[in-house]
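So that we are looking at the same thing, I have put the structure below in structure tokens.
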Amino acid sequence: MVFQILAFLLLIYGGYLSIHIGTSIPTFACPYNQECPGTCYLISVQHQAHNTWASLFGFRGKAFLISLLSFVLLFIVINKAWCGYVCPLGTIQDWITKLRNRMGISFSRYDDLSFKRLKAIKYVLLVLLLFIPLGMSNSIFGLPLFSHDLGAPFCQICPGRVITPLFIGDTSQLFIDFTNTTTMIMSSLGIIVLAMFLIGSFFKKRFFCFFCPMSALHYLFSRFSMLRLIKNGDNCTKCGNCYRVCDVGIKAIAEDIEHSYMVKDDCMMCFKCIEACPENDCLKVSFLTMPVFKSTEEGFFSRNLHLNSEMQKPSKTIIEDE
Amino acid sequence: MLFSFFILHSNFSAHGSEVLWLTNIPPGERQKEITASGMHKLSSIKAGRGKVRIVQWVTRGNNVLSSAYILNSELPEAEIYCYTPEGDLQECNVDSTKHFKELSFNNPLEGYYNLYLIRKEVRNDTLFILTAKAELLNHSCRNGHKDVDEKIQSGDHHEKIPMDIVRKRTRLENLHFFVASGDRISFRVSKSSKPLMDASVTFVTHQGWEKTVKTNRKGEAEIQVIQDYFSPWQDINNRNIYNYLIIADYTSQEKGSFMGESYKHIHYTTSLSDGYYPSKVMYSSLSWALGLFLLCSLIAGGGVVYYRNKRSRVYREIRITNN
Amino acid sequence: MNKNENKRYERLSAKSKGQLIIESENVLQEMQQKFENTIPGMEYFYDVAKQYAGGQLKNPERKKYIATNCIQVPIELIYAANALPIRICSGAYSMSQAGAGLLPAKSCSLVNATLGTIYTNSFPLAQKPLTIITPTTCDQKKKLSEIPSGIDIPFYTLEMPPSKDSEEAQEYWYRSVKKLKGELERITGNRITRSKLKKAIIKVAQAQRAFRHFHQLRKEEAVIRGTDAILIANTFFYDNIDTWTSHLVSLNAELEMRKSRDHNGSESRYPRILLTGSPSIFPNLKLPIMIEKMGGSIVADEFCSSNRLLYDTVAVDEWNMYDMVPALSDRYLKACTCPCFTPNNDRERKILAYIKDFKVDGVVYQSFSGCQLYELESLRISAVLEKENVPMLYVETDYSPDDKGQLATRTEAFIESIKNNL
Amino acid sequence: MDYFTGIDIGSTAIKIAIIDEDRKLVAWKVAPTGSKFNENARDAYNALIQEHNIRLPEVQHIVSTGYGRRLYKSADDTVSEITANAIGASTVSHEHSIRTIINIGGQDSKIIKINAQGFVQNFIMNDKCAAGTGRFLEMASRNLEVDIDQMGEQHKRSLNRSLTVNSTCAVFAETEIISLLADGNKKEDIIAGIHTSIARRIARLAGRTTIQDDVLFDGGTAHNSGLIEALEEEFMRDFIVPELPQITTAVGAAYMAMDLFLKKNLHQTVS
């Protein structure tokens, strides 16, 4: 929680401290926010994809590979915990969730079928965000070149573009661009997505993360990561606690007892599942095979039900009775 | 969108002196060979192996619409200087084979290239020094956005330039900067690298509207870019780059001789031309955005609430069909 | 009822109650005397069991109580409605005889005894329950409410899905529990509010925590006899939950000390037995007592009356009604290993896990004659255990004491065979 | 000479077996159980050792087993008949490796699976019901007025024309036998039917487990060749029947007595 706020402050206001982290950050560090200390890899990759085939396989390809490599290197260390702990959009969604919780309004869940169908959207977005910039420089499938107004197409509809600058008091991204039809449609889409983002995340925990193409991109490299969420199926009673607290609603965490690597494409690595697991050693996070955080029975009761261990010490009167 | 038509050209500005200026817009016959390069769409020609050279043409006249391109033969003896963003002088080629005078140079570096064309001439006891300047920003996002502040600086170092005019950079300016209608832009006029007071600075819009102000003690003059052209509302197209023209005039009581002819005054005229966009307020609407946002929020939020209240199915129905 | 019928009924009722007391005392005596080295902390649980048999449970606050016919009833809701949940599943032979007259001959003893308890009005508290909540777990239980016996206590049938893995089943169960919440509010006249329910969940969680600790303590060594452990779980419903919890906590502390002192309740060189199958409910501890008499050490059990009663937990993400109710519903569905669910692979997995964790040497599978669900599942379990090379004794029995001789031979032979193979 | 005794107190008969130090069976006896387990067993035992000139102190260890094992006061140890049976079975024959024992005794029938070392791996017993036990045979022999020892002979005469007799309940079977007799059926066919009924019952009991060869059939009923035939037919396997099928369990107990004695002595000498 504290870490999340710190990460949020860093990625939103880091520019004031002249911090510069790089252009391949595996999370939504939005350069549309003038004070952002680094750049979301998605914008870099969209820019780099805006190249002719010739240059992509030539000199520009090197730049592409370098930034991809630095993305992977950054990512591999803490895996998808970027989503759970660093991403400012994730943090904003968590705040909205908190607000809803305070208001006592219930959250929604997808049913299994919708879950299965909707989760594909992020892959579609990922393909589009690479395909469209490529199509601006190259004719793909004989299509005419796309308008340059489609540059960085995902950024145009990404709610982060509008929201993150708002935190430094910059409303300049909140607009509809009437320059031409393309820009008008894209900017309207951006606003619609923003509205969906806010409303959606009010009713559904981590609503946007479910559709986030960054999350899809992460998943491609997730297996090689150092930070891993591991499940020991033998200790699992399938009580469903982990699924209940899961913000994205991954059922496999509760029902899959065969696989040990539990970071699914929707996983945010927020580790709430570990907090909610009452079985000793059933779920754990390991960093380079060293366990970092494990599920324990004692931990379950103290974390989830706020029972402190005092309550479990025999009271004096009873001992004296006997 | 290009206009290389010739109208009766008045070679002299409102205040009666001749103006030369550099333009980005190719004459009709060259249009086919010219491509726009970089983010700022500088006119350029291919120079082999993926490289380009930036091209500028010289026009005469104090009105953007009615100025005429200068023929190669008309201006044989002009001085031409091209400064890189780092302040070094670099070669600038004048292609003598072309019909119109055409200046071209390489731009490998990121930042502002300053191109000058100077013509000196004595007439009526007056030395006319006509300077045409272009500030050409070279930027591609692929090259990154480091050291922006250094790159956008305009070197005020040109001792060879008798009277220079520089657009003052604003605080928020970056490598993606465009002048837009409605912006207040300031210019600093300097003579021999010293701020020049009381020079008159004339701002001419694309449509020909003009305004003249005098520079202050620091040699600065501020002008607001007005918008005097509106595209019809039904065609949503606000990406028209128009060129404005800035003309600085100054007459000093210096005596001397130039090329054997003596003069009693020197009349300096320096022009600077650049593109300007329609103002952001013309095409980006916060209120529309807010409206759309609210509408969508209401529909989405209301939808969820309505769905929750009306929902009778607890889980997805399994559909059965007759066949 | 005419006069004669009435008289007969009263006689039956009095006789059954009397026998229940004798039966229970015999069992308690057997537990306390036949084994040496009893644990002082157990006294409380013996006392509560005695009170239960005598129908004299404490209820100082004079709370209304609701009888539950199975552990699958979300008791947190009942606590939140300011009432007491009391499980009336009975293990009394006398009660099963009283109930047998009302039910078909092949009914299971537990159901007979439960109906007997209701019919003869032998509730552990002096007054009658407000209602009897019967989840639709096994067929016999769910038909209890429809037996024509002149019982004037209303039954409430809590609908359970026949499977637990599918989304539909889970939704169905959530709805059932939500409906139950409304029903409880109506029956008790008390509203179930957010804070009350939260308190109830935490109260039960404290008991669960102590119980899980107790469970963990038994893992390494047999610190306590299995019969005692079963009795402890059995008394959960029979006293104020806080009192029960605090006594279990102090018992845990005691066991912890014994563990370090290496004082074993039953010595660890005895074959370590896991009990599973139809639940042993006090006073029907025939089989567990027999096993321990024959030299087995019951280190763990997989009974709904004992281990499963408090093992599964509630994890609430947002402490609002909308999340608390489904969360506590999950406790009663998802991890449940009751054979009334199909598929029920979780039961095999649980048994195998216990075998691993508790270093079990052999499994005794108790199945009441007539309890089809456990009888049917025994086939699967025995196949699984055979594959894992764990010996299993399948015992079909009921509440009557007449098969004690046979049971003795079987359990003894089973334990001998484990000893030989150790 | 040291002797070791195993006493198997079953529901119908008391079986006593005595072995010497060389694990050789020196004496055995079968006596009816009657109503006083303890006295009858003691008397039979005393008569047996007198018969074979064994002095009481020479018997080092006595192990009792069977239904009445705890009631026999002079036993040094008790063991369940299942374990004893398993051990006894593995000593009976050297050329076979027994893995399954089918024992049909007076009031119970068991199927015992043993491992190569002769230890019990798994066993199944009948429930509290006399169908499928020796008691059922006894009852039938009374009704048919055929001596129980003659039932095997009778079975052979039936020539596969066996009748169907209820296999679920001994009491119903009794009335059935009477009505079959009244219908003029031949006794041998009824007897064959009874044997099949028992065999089927045993097969159903075994249904839960897989039978492994070699199978040993013992208990008092193993004297009945007709029942053996019926069982072999039902299980579709050949059974091994020991020479003295009734005393296998007692012999097993005697072997255990010897083992226990040696173990105890070893402990004493070590300590």
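Before moving on, here are some points about what is shown:
Going in written order, the chains are labelled A, B, C and D, and every chain counts its residues from 1.
One rule holds for everything that comes next: contacts are C-beta pairs under 8 Å (C-beta built on N, C-alpha and C of every residue); 3 or more make two chains touch, one makes a residue touch a chain.
Keep in mind the model is a prediction, meaning the values are calculated, not measured.
Between chain A and chain B, the least number of touching-chain steps is 1. The interface with the largest number of contacting C-beta pairs joins chains A-C. Remark: the per-chain Cα centre closest to the mean position of all protein Cα atoms belongs to A. The chain with its C-alpha centre at the largest distance from the centre of chain A is D.
In this assembly, the C-alpha centroid of chain A lies 73 Å from the C-alpha centroid of chain D. Per-chain CA centroids place chain C at a distance of 40 Å from chain D. In whole angstrom, the spacing between the mean C-alpha positions of chain A and chain C is 45. Chain B and chain D have centres, each the mean of its CA atoms, that are 114 Å apart. Residues of chain C found to touch two or more other chains are 167. Shown for chain B are the residues in touch with two or more other chains, namely 315.
Within the complex formed with chain D, the chain C residues making contact are 369, 379, 382, 386, 391-392, 394, 396, 402-403, 405-406, 409-410, 412-414, 416-417, 420-421.
Residues 141-142, 144, 236-239, 280, 282-286, 288-290, 292-297, 300-301, 304, 308, 315-316 of chain B are the ones that touch chain A when the two sit in their complex. Taken together, the chain A residues at the contact with chain C in this complex read 101, 104, 106-107, 111-112, 234-235, 237-242, 244-245, 254-255, 257, 272, 276, 278, 297, 300-301, 304-307, 311-315, 318-319, 322.
On chain D, the positions that touch chain C within their shared complex are 67, 79-83, 86, 108, 115, 119-125, 127-128, 208. In the complex of the two chains, the chain C residues touching chain A come out as 40-41, 43, 165, 167, 194, 201-202, 205-206, 208-210, 212-213, 216, 246-247, 249-250, 252-253, 311-318, 320, 322-323, 326-327, 330-331, 334-335, 346, 349-350, 352-353, 356.
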